[in-house]
Structures are given as structure tokens and as C-alpha cells.
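By letter and in written order, the chains are A, B, C, D, E and F; residue numbering begins at 1 in each of them.
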């Protein structure tokens, strides 16, 4: 309908994305970024980090259904079990090695060790993970089929939130002592 | 494009759904069912069961992006933590009471106790659960925004599959003893 | 793109739905309702009534393409000939019996008598109807593949509007005396 | 995904359209037609006729969501009350004059007399009609937002089908004598 | 979701189109136009002209994915090589003759001479052109699968813009003298 | 609808993509590839090359609307003026420097020099190009919002095809001598 619809974050937004910036105010910088994919901080419990080129940093992505992220994982680090509720992810390994996998809804595991230059597809919405069991930092570039992919990390949903322990144990069958240990680890309440 | 496209399960299927049955062979029974929403068996670890009216039982649903299920939960039972990777779910309580909730990707919990006649919406792709903490069987009717919604139960993905314990512990931080206990419970391997 | 886009009815709306409420102001009540599916008033010409759980009463449905309604029909009552221009409807009978049917664009009639627990699909956009020829109130739950399904009742379009009698007779071939009788019945003008 | 997907009517078809012809067998004639929009026969009860350029005659339209028709209406003729369940229609008058109108789902009538060169939009799914109350043949070109728009004529759905008179009278409130007269006129049964 | 969403050009717009006008302020003129398809001016370098019935002149087209244009080409005139980045075009010849063609992404040419009443389909996004090598004005009606189709004319993108000659020669292999001649012709800079 | 639909290239395909492989025959290699993004051959007129991870090499991409390519450009090389008729492209520079730009349909040029780590967005369907005016090989990773993006190179459409010189000169205004020179260069006929 339009050549493009650069996000104007000051206007209302709706199910299809952000309102468009006045086309006369659009310039090439709305479609590009420097540094958004710099090495992310990996000094955390996962020994992994993410830097993103999503619609919040590149407003020209609005409405176009695609975006990028760089994911670095230190040796021994992981991208914990998570989903992207509305996006397929396609990984390209730029450096190092990873074990990457997803699980289908009939509980089949699709897992593989990949190295530099390899590509791996994670169909939209499915649980997946990455593990760096090597001795070098791994660097991957991930493309997403959404301009603003959300990420739901199972551990954080359960243990970094205020979800009641009673509900967690009932709906995951994890024993309450383990739940409390994980709540301490992830700083959850409830 | 067509008035309808009744699924012919003997023909190839693609990203948009099943191939259409010859329209001359279609009759009213392709659009209806009796008994598909009968009381499901709840004699299982969850004390809950599901009966479905999806495209496999009502071929006329093909391509129409909607379907139904009935979910019964015994007192003390649960619908365990799960997602529908491609569908929103809208619950109507037909009988009894449930605690139902979902968690957003920024780890906010939306939880509520609902009773007969109440409606609850679970946006597509997000982790959610139901708990029957009452003393009566609960019966709900769920509508889905897919003619064939898939369901990914977190416990089954992890503990009923052949996903390696080493990967599970690394990507969920659940301790290996608990993982093994859950694998025994859910009959997983790996 | 977003986990959800709860409708803010004070902001502009567009072809894809309503603008999103500030996510910080969203709470669980935006995704649920009590009483919206209570027994509707059936004291009207159709001896039938509708209570709805659409995006106007459950703002969390915005952009999710699904909604619900309850339809009660008294003995001898009907849901008159109508279409939902943008939605498939899936009916579940909760109580009583109905004759339900739709007509395809090549004038084939798909009609069936259904009872409690039965499911019936009405593909989007097609003319359909329900008749309660039994002796008990019928109660159905209808799911729609739209968060705000519109309903066009043929009789009301013709006879409750200000469409000129001359146009009605010319385009429906119903004789003018009958048109006038129906205009009186439905309180139309023109 | 593909430059085009020319319909191969010998292969299975699905919700998104027909299977694609082998691209090596495609030629320019798959994208064009001569004579498909010739003057249609108007010797019928409506004094109106339709010639179409839909995917059945131009296989290159498959998957592209657009098609054309020519509609001729004799003086005193009509395009009877109908809907296109999945398509918007945009009319351009090539010759003569018509009264054209549609009715919204809140029973508002949008009606206008249009002449050569005028354009009129009928939003998808809504009841509409055309009446030639002039003294000359009218010729219009209609574009549809579907490569294979279906048409549901209310009179034919009711009176040219085998829908039971009892159901018709109950769901339309048209008196049974008038129903029988119209069934005779349209050669329906039931 | 709505019967229609008439464009209100004073409100924000987004990827799915313009915001909707208050339905109470909508009237039949929002869905129709007179004169928008009058004979366009063809006194230009192409000896061709375009008059449009897009969402800017018919606000009722908003969100409906369809629109119209009339294209007149004088003898010896052309519609220069161009694309519609988001729309399929379906041409109907109303008067005269044209050579019309498109090129697929594997460099196959689909070209044909068409005359009054003929229809020709140009799949979305592909390079195409029209040439009037006859001796009479040609008049065509084009339908587009977008309510606001954009048009990218290759010559104007290159030679009417401020794209640097050095870039043009490098990326098109057209020699710089020819580039400068064309820039003079099209009044480009750079 | 399905967790995934891995392409089976032996079955019919349609507008939404390829038919799905029997899910029981799917394995992890359907979702991954090694070597598909190896350094491409750049020994050609453009001094540039492309290696792709599209649905033809990774069948698991079918229906998911995303894919990848690696583009290498030698110093002095170019990616010639082209469009992707159905895909947005997001470029990440992995090595070297490029001048990259696109042109909107109102002839505005959006051009920028980018280096390692920079990201650049090219909205779907618009003419664009890359020029390596540096002294080192440039390597970029491009993500596309299509599982099988097509590419239309303007020079090849015109000069590597059999499009008649008379049509080319008429519709591009390039003088015939230059057209013939370019046809020789690109080995076109016509």
C-alpha cells in the first residue's frame, strides 16, 4: 500500500504495527543502523547476550515482517529454553560452534551441532534452545519473521515473575523445593 | 475464493491447509459432528482431558481458521503449562471453577479465577495453564483461531521426549535429579 | 508483533482493528468477562436473542481474530436468514435442539437438526439460519473467526432500513404488498 | 514466493487456490483472454447478464486476488440482491445509467445513481443490487478483490434451491403464498 | 472486522492503511466518484496519461485491497518500463490497440498485442510496459490489487532523481554519456 | 496450522508454497544446511556473487516467509539495479564496505555507505543496488521476508531476454545503439 511505513513511536499503534512517520520526514537513517549488532554483554547467568536490530532501533522495519539479532554465547553458556510466539528464527553461525535444537508439539526433538557458516531454522512458536559446549565464544546472526519478535523464556516466565509457587508446582510438576531454588536464582516472587 | 474447502485427507497438503474435497462429494456431515465434544477421559496424570472438534474430525473447518475443544478438569487436576504456537484460545466456562492464567513475554502474569459463564482470552503463542482447585469437575469450551491448533506442553516437550538430560539441565537450570524424576514420571528418555 | 494489543476505544482505529492500550495499563480484566454471555432477552419478533463477547466487551480480543456469542432461541423462534460478511461461525449446542443450515453460492442447501453437544460450521459470508422447532429453549455457543463479527440480517437490511419499496420489489421480486407488510412488521421506511 | 502460479485445474486445489502449472509450460496466453468480456446474454428474468474474466478463464489470475466481470443490464432490468462472500467489488460504468446500492450491517442504505465513467465501491460481503431504470442498456466493468469471486443471489438461494418452504417462511417472514409464487418463478423445490 | 473503514486522512495511518472515519459521518459519496476516470492529459514525453480512482479520491477503498485507473496512450506513446511493488494489475482494453508485456524474474518475456475487450494480467511486482504502435488513441481500464498502488518507473527512478551518475553507470552498465542525456531528458540531478 | 510444512518438491505446489513432506519422514537436516552460504563465485560481469539458503536448499523454510543469502562483492563490483518483487531485504555487513541504496516510487534516493556490522533495510519491491567502491571484498548476509525470494535484475530483464529492441528503446528511452551494446554484453536477443 505504501512504499514503506517508518514507525513513529509518538503516535498510536495497532495490531498491524506502529503508525507511519510523515513520509517527508523520513530519511535513509530510518532504514539503517550502526552498532545495533555490536557484541552484547554476556556477563549474566546464561553467559549469553543479545543485541537487536528490531523496529525499535530501525523504525523503517515497521510493517515489513522481518528483523535481526546477534546472539553471543560464551563457552558453557546457553540460550535458555524459549519461544518466539510470533516469529520463525533462522540462525547463521558467524563464529564458533553451538548445539541448537527445537521440539515439535508431538515431542520430537530436532537437535544438531552447527558451526561457522551453517544455517538452522526454528519454525515459529516452538520451544528451542542453544548450548555452547565448545571452548570458544559463539556468534550467531538470527533473522526473524517479525519486525518486533517477542521472546518468552520459560524459566523467566515461571521463576522471574510473581507466579504463585503453588500454581507452578501444579502445572509443571517440578517439586516445590526446586521451584523455590529457581525463584531465588531468577529473583521471582509469588 | 471458494465458498469452502472441505479437507480431503487423501490428497497432498500445504502451508495453507489440506487440499479440497471434490465439491460434488461434499455434504452437510462434512460441516458437523456429533459426539466429538463428549466428556473426555480424565484418568491421567493431569486429571484432565480434551475432546476436539478440529479439522481432522470436521473436514469443513479446513482453511477457515477456527475450531473448538472441550476441556474437563477434575478437582485437583490441571491443564499443564503449555502454548498453542499458532492460535489464540478463548475459554468459556460451562461448569465449575478454574484458575486460569497466561504469562506475557515480559514475565507479567495474568491470572484469574473464573466460573460458569465467564470468558477468558489467551493471546496466541503465550504460556498458559488452568488449575481446578475447587471440589467439582470443571468443563470448559475452548475456541481456537486455527482449524488445527497444535499444543506444546512444556513438561512433555522436555520429559516425554528424548531430549538429553544434559541439555535440559543446561537450558532450564532444573537440577539433574529433578529432571530424572520428571523423565521417569513422563516416560521420557535421553 | 506484540504479545497482545488490547483495544483502546478512545484512539483512532483502522482496517486491522483498534489502537492498542498502553501495555502498562493492561490488566487481566482486559482479557476476561463475567456475565457477557448471560441469557439474552428473547422477547422479540424472532423469539431469539444474542449475548456477545466481542472486542467491545473484551478489549483483549483486538487483533486476535476470534470472539464468542451465546444465542438462545425459544420454541418456535428463529435466527433469521443472515450472513456474517467477514467471519466463519462454529456453533456448539449447549441445550435443546435446532435446525441449522447454510446455503452455498450455487444454491445447495446444507441443513441439519442438531442437539446438545453437536457442532456445526457455517463458512464465512454465506446465508444461514437457525430454527427451533422443538418444545424447549435452545442455547448455543457460537465462535466466530473475527474479534468483531458483523451480522447482516436480510429482513432487516430490506425492511428495517429506508430502502425504497420500488428497489426492493425490483431486486427481490417480492410483490409490493408483501414488501409493505414486512416494512410495517420491521418498522422500515422508504 | 513465485513470480506467478498459473492454475493447473488438473491438480489438487486448496484454501489458497489452485496448484501451479509447470512454469515451463506457461505462456502469455495464460495471462490474457479475448472475448471473455463480450456482451453477455441478457435474455433472462433479470434482463441482465454477466461475462467473467475469473481464474477459470484466465489461469494466470490464480493466487493474485483480483478478477474482472462485465455486467450488462437492459432497461427495466436488475442485478438482484446478492453478496460476494469473499470479495469487494468496484464498478465502473462504461455505458448508460444505473441505480446501485449496498446496505451495511446496521441497515443503513448507501445508494446512488451513476452514469458513464462513474465509479462505485461495494465493500466485501455486503448485500447490494443494481437497477437500470433508464431507457438504454447499461454496461459496467466490475473488478473484484478475489481471483474467483463467488456470488450469492438471495432469491436463488431461497427460491431456486430445495430449501423447505417452512424454513423459508420461518426465517424470512415472507408469507408462504409469496414463497410458493417465488419458488415457481425461480424453479425451486422443497 | 468492520463493514468498511473509510479513510480519514486527518488521522494517523499505519501499515494496514488509513484510520477509519467516524462511521456516523460516512455517506455514499465516500464510496463513489464522478470524473476521477476522465480522459487524462497525455501531453508529456510518454504521450500517455493516467487518471486514478485510488483511496485518495475514493476513501471508501481504504483497507479493501482494490482500486482502478484509466490509462490513455496516444499513437506512438508508451507506458514506460515500470513496476507496481505491491499490486497485480489487470488491464481491460476499452478502445484501440496496445502491445503489452511483462518480464519474469528469469528473464522470460510475456508480450502480446491486445485490442478492445481483451484482458491482460500483470503479476505483482514484475517489470512491465505498454506500447501503442497503432494509429488511434488507446484507452484501458486497469484494476489493481491494492487500494493505493504505487508505481515505480525505472527511467524516473534513475534519471529524474538525484542518483549519482557514477552509481547509475556502475549498477546499470549504461554508458555515462547516455546517462547524462537521459538525465537531461528527465530533469534529474546527481 | 502445522508446526511446520517441510517442502516436498515431488508434489504439486500452490500460491502458498510447496506441499508438505510426510511429517514422519522429516528430520533435523530438513531445517539446516552446511555450506549453502559458502563464498560464492564472483568471477562474472558484476564481480559479485550470491549463495542462498532458500527453500530449495532448506525445505523446512517452506511456508515460513523467511530465508537468507550471502552476497560477496569484489572491489569495483556491484549488485546491479534490481528488485525483489515479493520480499523485503535486510542486509548485515559481515566484512568490508558497500554503498547501498534504494529508490522510492516518488523517485527519492535513500543511499548510504555501510561497513562491518551495519544493518540496512530495503523495503519490499523497490529498486535497489550495492556498489563496492572500496579496496576489499565485501561480504554481506541478507535476510528476506520470503522463503523463496525472486530477484529481477533490470539489465537482465531488458538485455539478457528476447525483448525486442524496438520495445526497449520505446519504453526506456535508451538509444538503440546503447541497447544493442548492452544486448551484446548480456547476450540477449530480440
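Here is the rule we go by: a residue touches a chain if its C-beta (ideal position, glycine included) is under 8 Å from a C-beta of that chain, and two chains touch if they have at least 3 such contacts.
Everything numeric in this text was worked out from a predicted model, so none of it was measured.
Following the contact convention of this document, B, E is the list of chains adjacent to both subunit A and subunit F. Because subunit E and subunit F carry the same sequence, their contact can be compared by residue number, and over half of the numbers here are used by both. Relative to the C-alpha centre of subunit A, the farthest chain centre belongs to D. Comparing the centres of all chains, each the average of its CA atoms, the largest separation from subunit E belongs to B.
Subunit B and subunit C have centres, each the mean of its CA atoms, that are 26 Å apart.
Centroid to centroid, with C-alpha atoms defining each point, subunit A and subunit B lie 24 Å apart. Mean C-alpha position of subunit A lies 47 Å from that of subunit D.
Along subunit E, residues 3, 12-17, 85-86, 101, 104-105, 111, 124-126, 150 each make contact with two or more other chains. Under the stated contact rule, the graph of chain-to-chain touches falls outside the line, ring, star and complete shapes.
Inter-chain contacts occur between A-B, A-C, A-E, A-F, B-C, B-D, B-F, C-D, C-E, D-E, D-F, E-F.
Across the complex, subunit F meets subunit D through its residues 12-17, 85-86, 146-148, 150. Per the touch definition, subunit D reaches subunit E in the complex via residues 3-4, 27-29, 31-38, 53, 58, 60-61, 64-68, 88, 90, 92, 94, 101-102, 104-106, 110-112, 114-115, 117-126, 141, 143-145. Subunit A meets subunit B in the complex at residues 45, 78-81, 83, 85-86, 99, 101, 103-105, 107-109, 111, 124-127, 129, 131, 150-152, 154-158, 160-163, 167, 170-175, 178, 181-182, 185, 190. Listed in rising order, the residues of subunit A touching subunit E in the complex are 1-3, 5, 8, 11-20, 62-63.
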